[in-house]
Amino acid sequence: MNELIRLLSYMICLAAFLGLNLAYLGWVERKGAGHIQRRTGPKDVGPYGLLQPLADGLKLMSKQLIVPANADRPLYMCAPILTMVPAVLLFVAIPFGEHLVPREFSFGLLMMFAFASVGGMSILIGGWGSGNKYSLIAGARAVSQNVAYEIPMLITAITIVMITGSMDLNEIVRQQGGYIWNWNVFRLDKSILMPVSFLVFFICSLAETNRTPFDMGECEGELVAGYHTEYGGMGFGLFMMAEYANLVIGCSLTTVLFLGGWQSPIGIFPGPHWFLLKMYFLIWSFVWIRWTYPRTTFWGLLNLSWKYLIPFSLVNLLLTALFIKVF
Amino acid sequence: MSGYFKDIITGLKSLAVGLQITNKEFLTKPITLLYPHESVKMYPRYRGHIELIKDPETGMNRCICCGMCEKGCPSGSITVKSEKRPGVKGKVLTAYILNFTTCSLCGQCVENCKPEAIRFSNEYNLASTRREDYIFNLLEKLHPEGIPEPEVDPELLKKELEKEEAAKKAAAAKKEAAAKQEAVKKEPAKEGGESKAEEKS
Amino acid sequence: MLTLSTQLNTYLIIGAILFGFGIFGLVRRPSLIGMLIAVELVLSGASINFMAFNHFLAPDPTVGQIITLFIMAIAAAEAAISLSIVIAVYRNYKSIEVEDLVELNG
Amino acid sequence: MSSLAQSQLRETFELNIGPQHPATHGVLRIKVVMDGEYIDRAEPILGYIHRMHEKMGENRTWNQFWPNMGRLDYLSAMAYNHCYAGLMERAAGIEVPERAEYIRVITAELNRIQSHLLGFGAYIMDLGGFTPLMYAMDEREQILDLLESVTGSRLTYCYFRFGGVYNDIDDDFITGTRAFLKRFRPQIPMYHKLVTGNAILMDRLIGVGPISADMCRKYGATGPVLRGSGVNYDIRRNEPYSVYPELDFDIPVYKECDSMARYMVRMDEMVQSCRIIENALNKLPEGPVMAEKVPKALKPPKGDYHYAVEAARGTFSMRTVSDGTNTSYRMRLRSPTYSNVSLFEEASRGMLLSDALAFLGSLDPVIPEMDR
Amino acid sequence: MNPSLFSPEGLAGVIFLILICVTMIGAIIATCTKRLIRSVSGLAVCFLGVAGLYYFLNSPFVAMMELLIYVGAVCVTIAFAIMLAEPDEAKLARKMSGLSGGLAVVCGGAVSFALGYAAVNGHWMAPATQVNDGSLKMIGASLLTKYSMVFELISIVLLAAIIGSVALARAGRRGN
Amino acid sequence: MGTESLPTIESAIPSALLQFHQLDQLRMLARANSLWPLTFGLACCAIEMLSSGCARFDLSRFGAEVFRPSPRQSDVMIVAGTINKKMLPAVKILYDQMPEPKWVIAMGNCAISGGPFAYPGQYNVVEGADTFLPVDVYIPGCPPRPEALIEGLLELEEKITGNRRWPRVKPETMVKG
Amino acid sequence: MDRAKIKRELENLAAEGLPAEPPQEETPVEVQTEAEGEDKAKPKAKKDEDVPRKNGLIETEYAKRGTHLDVQINPDQVVKAAEILDAEGMTLEMVTGVDWLKEGQLEVIYDYSYPGGQLFRVVVRARLDRNNPDIPTVCHLYGGANWHERETWEMLGINFVGHPQLEHFLLPEDADFYPLRKDFKP
């Protein structure tokens, strides 16, 4: 029974954390974009525009729901929810602190990838269900991009698994304890390519979350608004929230795998604050990148994956194996 | 192979440079002008919709109702209504209607205005929920508290009255002359003659 | 009812039903892709059986899992191959209906 | 294989881009027949903003046609003003005072910078980067402030008149322009650092949308499109009008023929425009800004007249047929984008959709000017 | 015998029931809908349920792999196939005659009944002696020792599949 | 519709319990502060619309910078430019595709009345967006300054919520000195 | 680009297109140099009567009229003229038309210019019967002519024979009027 109460309280906390994140990451993005672009961003709705997400949320909820005439109704209705579910589910496995993890899974890492791929399927369904050519193309693009970048991402993750010998996220973090050079990014003793490997993983998570410069799924220039072109109101809101949820998860995963999770860089005071600090720094860098670069093309994206990321991650895998065997 | 790595390095470097620039901009202060709270002053030449100029001496408009603005306007946005008042020199402007919704702010009217009676206003932030709000009567806009009556020049009035008298006499004489010919001519012709006389006065 | 998860028969029956659905779809579906979907159902029905026996009866608890993984690999390979077949067939015949493919014979 | 296999091999589908689509800079519609991700045929469909400018030329007096010149290519309205002024001055034989010509050149070149800035920003926005647009628009606002202080409008200028300009420039404008040039010059290297050198952008632009010089000739393409194909043709130099022959500037020409070349031509033209403005400001003579004895109701002699200027997007020329009255008998406007975009259909064949849109952006179309 | 509904075991039982429902509903959608894209969605749902069943069988690794491979790869692949080929759904629906439907019901019913009968009436051997601890270690060890042949076979099959599918797709393109 | 005969929910429940009015106001306030415009530029005014989204004027301060390219996700359609007869059906479709509640702002003289292009005997210009759309706010000018567009948005907010939160600006002219 | 050659060839072309009747007082070739620009009024005075201009070549002064050569030829010769100019590397800037209602004619105007270093502009005109406005297309030579011709067809109703796609372009698809014709009333 205690276990149940613990789980329940975790769920409530997670929901609050998640809700705040999903709402205010949008605000961070708009505000950040504003300041990067020499303007102020949301400002007049509440102090510093802090009530902006609430206004947006309320408005989206009170919008009329239109199902386009040539949409596949059940699929159209299901897709936003299906996108949201795995994204939210994955929060269960993320270790925010040593003891602050809802459920320790011995296959946490694998679970991340498994549920992420479910999210891809729902984007496809949404794109198809809209009954719009743009959505269909964008959905197909988004998913094939996800599939393409899963390869280097998985390989890089496997490197980490080889180093730590575990798929348990908390265990992976635990092994990076001590000082900053124990973090996996700087584990040059395991493979000299580790920083590069971090970069590869970072780029992959950019692509997996469909962020600029890899936002093939919703590239405005070509495909109007991508796979959610036909979604209005809360359907669209859910897609946006799922995007931010995926963003948080991607950054958390990068933090856990490479930046030592809740471990502190100076060896003392490990705790969730470190985790959040690192995660939000990564999220900020996502925002920063989004408002700096133009978008690649679909072929540029596949090129990058096949020409650079996959070779690098493979070489890194081999090197790591070699290092572990030799030393 | 070296080209491969060179590509990567130059590419990453270019990306880093971009990040640097945006970071610098992020840290500088935004240039946004917080419009409803603060605002810029318009340049003297700013072209808002046109308005009549209040003559500082007389407190009236300077329009002589020549209709040049009306004629010159490419899209026919201006309607000048005027009438002749007894004892006032020239015509008196009764309404200067500008349909701002068709105006293109080209300045033909201002340019064509000989007495410099109109100019561009500085109204730059018009917005309303009604379309009719933009059919301005510039005269009313000039005198929001009520259109003042033009001053009556007593001498001119006297002269005009005399003239009118003379005209009436002439008309009466004509009438008599016409009455003589009544046998020949018919009624409508007379009426037409009368209306012509009225128009002339 | 709540202890169903601890009984072998539950799993076996689920597997059987899935298998049955697979066969049903296989017969009923007129198109290649529909048949492919049915085949996936058949395979997963079989996998469930393997896993169930593995859990409840097998002396070596890994054998069933390995066979299931093997089936998964087969299924993935099968899906990839059939995707390319479908594309190739569709390119050439503008149809993926089984009846229209009789021309493959000659 | 049976004979069935040979027929209907290609699988195409139709995509309708526009008339409201972010990539088409307005209301251009492109009917695209796609073969997978490749374009089989991309046919631009115009007319969604056709505003009867040519018909209006026949209905309005010469003077009343002025506002239309600001609304054709609203981004380089000054050049269009210039063309109309030049045309009617040629037709009616009006001599323009030199100061007025200098003012025309200064404002037109400021306008050109403004247009290229927006073109640059909007182009990068097409390619997915929003921030450069904001920076470019910031600089553009400075220019708009300057021009607004002289002309009174921000965009659709109606500043030139037959025989001169509407009103003189003042010292504030001159100092303001100098200050702007000083501020703007270092911005261009910054754009190059932020945008041009960016690996992603180079990947998207280099080698995309090649147009040969001969193709430009066949389609009558002009402006940065032609100069990006290695042809050194600029009306300001080849067919000198106004006081351009007295000013010191270069014509940027790139031989690569791709989108990057066209983009670079625009960027370099901004630098050259800065040079022209500085030069013109230095040479600015004193004197009147309106010719004397310009009749209010212009009645040019019978005949047809032609005048061409270099607008921001290429050669803008007007041909008018006068029958000696105070309205035009026929007013023909030759807009540069019309010809530039007409080669899109042929050039985009076999391109990827994303490349084609990058290519379309590099033509820098302004739709109302195409549709007229 | 029966655990209370609110004990962890009871909740687990409820979840198990839900999973069975999910699997069955998924299977029904997968086989009975007319539009193929819906049946793929159904297939994905069905696999979600099956993955849950695997989890109950104390093999989370296989469950995760089920999600990763079946939902993330196989279903997506099939969906792509549907998108590329776009079968004429209305035509398909018309073609499904009552005869083949009946035949299908008979076939499917017979097979599942036979299997189910065998399952219920089968005299299965004694319970397993060795307990599955659900860790990856055992699988990994046996995959690389006892069943290394299987491991090799998987890799060969996958390699063959990659080469084969590329070749097939290429061959189709050459037709142009 | 027979609503008079049936007791409404409001009347059935004590009004102190359910403050529908206030809820409604909150909803309206949210809507007014999150007006997402449709990316829909037609002509000259579109450039001013773009300008007003940019650094100097910055629509994002009012939460209105989220220019959505898809009508399904936008709340307000800013008709910025001339509508002609060929474009008319497209504008109609776009408007119909927007989910309720939706608003229309006619920006610029062309959108209000056809502007300088509407002369007697013209053949191609639709004389005003309000001939076929329910226009909520008119912003005159050719083109209007970005401030006017902001003013228009504030006007729309006032229309939605019923009161104005922002000060009104009186135009001033720069005095040269 | 050879100016003299172009002039010669166009002259020949215009002369070919002249009707067989004996030449009238005004010679088909009028050469005006800059010095003679003053008395341009004289030949124009003749044209003031509503007599359609005869085929022929006029060398106009650029500073006054904006073109160098102004040649009027028969409608069936425009392709030949385009060939001549194409061979010399000229570009077709625009195609347009004028409706001469009083004379019952439609005029098609081709504006050519030289995109190289030298300044050279040529106008080729052809007059058509208003009731039967057919003229061959030059699309196959100049791709850019496609849109210009299509627009001219749409606006003035000039039928370009052989044009690949004479459909509505700027106007709505159901438009059944030619707005730039002088007798157009909406």
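Structure notes:
To keep things simple, chains are lettered A, B, C, D, E, F and G as they appear, and every chain counts its residues starting from 1.
As a convention for this text, a residue touches a chain if its C-beta (ideal position, glycine included) is under 8 Å from a C-beta of that chain, and two chains touch if they have at least 3 such contacts.
For clarity, every value in this text was computed on a predicted model and none was experimentally measured.
Within the contact network of the assembly, the step distance from chain B to chain E comes to 2. For chain A, the chain with the farthest CA centroid is G.
When chain centres are set by their Cα atoms, the one at the greatest distance from chain C is B.
Pairs F-G and C-E differ in how many C-beta pairs touch across them, and the larger number is found at C-E. Note on chain placement: the centre of chain A and the centre of chain F lie 35 Å apart, centres being C-alpha means. Taking each chain's centre as the mean of its C-alpha atoms, chain B lies 81 Å from chain C.
We define each chain's centre as the mean of its Cα atoms; on that basis chain A and chain D are separated by 43 Å.
Rounded to a whole number, the gap between the C-alpha centres of chain B and chain D is 33 angstrom. The multi-chain contact residues of chain A, meaning those touching 2 or more other chains, are 34, 36-40, 43, 220, 224, 291-293. Residue numbers of chain C whose C-beta contacts span two or more other chains: 90-92. For chain F, residues touching at least two other chains, in rising order: 54-56, 58, 61, 69, 86, 116, 119, 121-124, 142, 145, 166, 176. Those residues of chain A that touch chain F in the shared complex are 30, 34, 37-45, 49, 51-52, 54-59, 62-66, 68, 220, 224-225, 228-233, 236. Residues 170-172, 177, 179, 184-186 of chain G touch chain F in their complex. Here chain F touches chain B in the complex through residues 55-58, 61, 109, 112-116, 118-119, 128, 130, 135-142, 144-145, 147-148, 150-152, 154-155, 159, 166-169, 171-176, going by the rule given at the top. Those residues of chain E that touch chain A in the shared complex are 7-8, 11, 35, 37-38, 41, 44, 48, 60-61, 64-65, 67-68, 71-73, 75-76, 79-80, 83, 134-136. Looking at the complex, you find that chain D touches chain G at residues 45-47, 50, 52, 54-55, 58, 87, 90, 215-222, 226, 231-233, 238-239, 301-308, 315, 317, 319, 321, 329-330, 332, 334, 338-339, 342-343, 346, 371-372.
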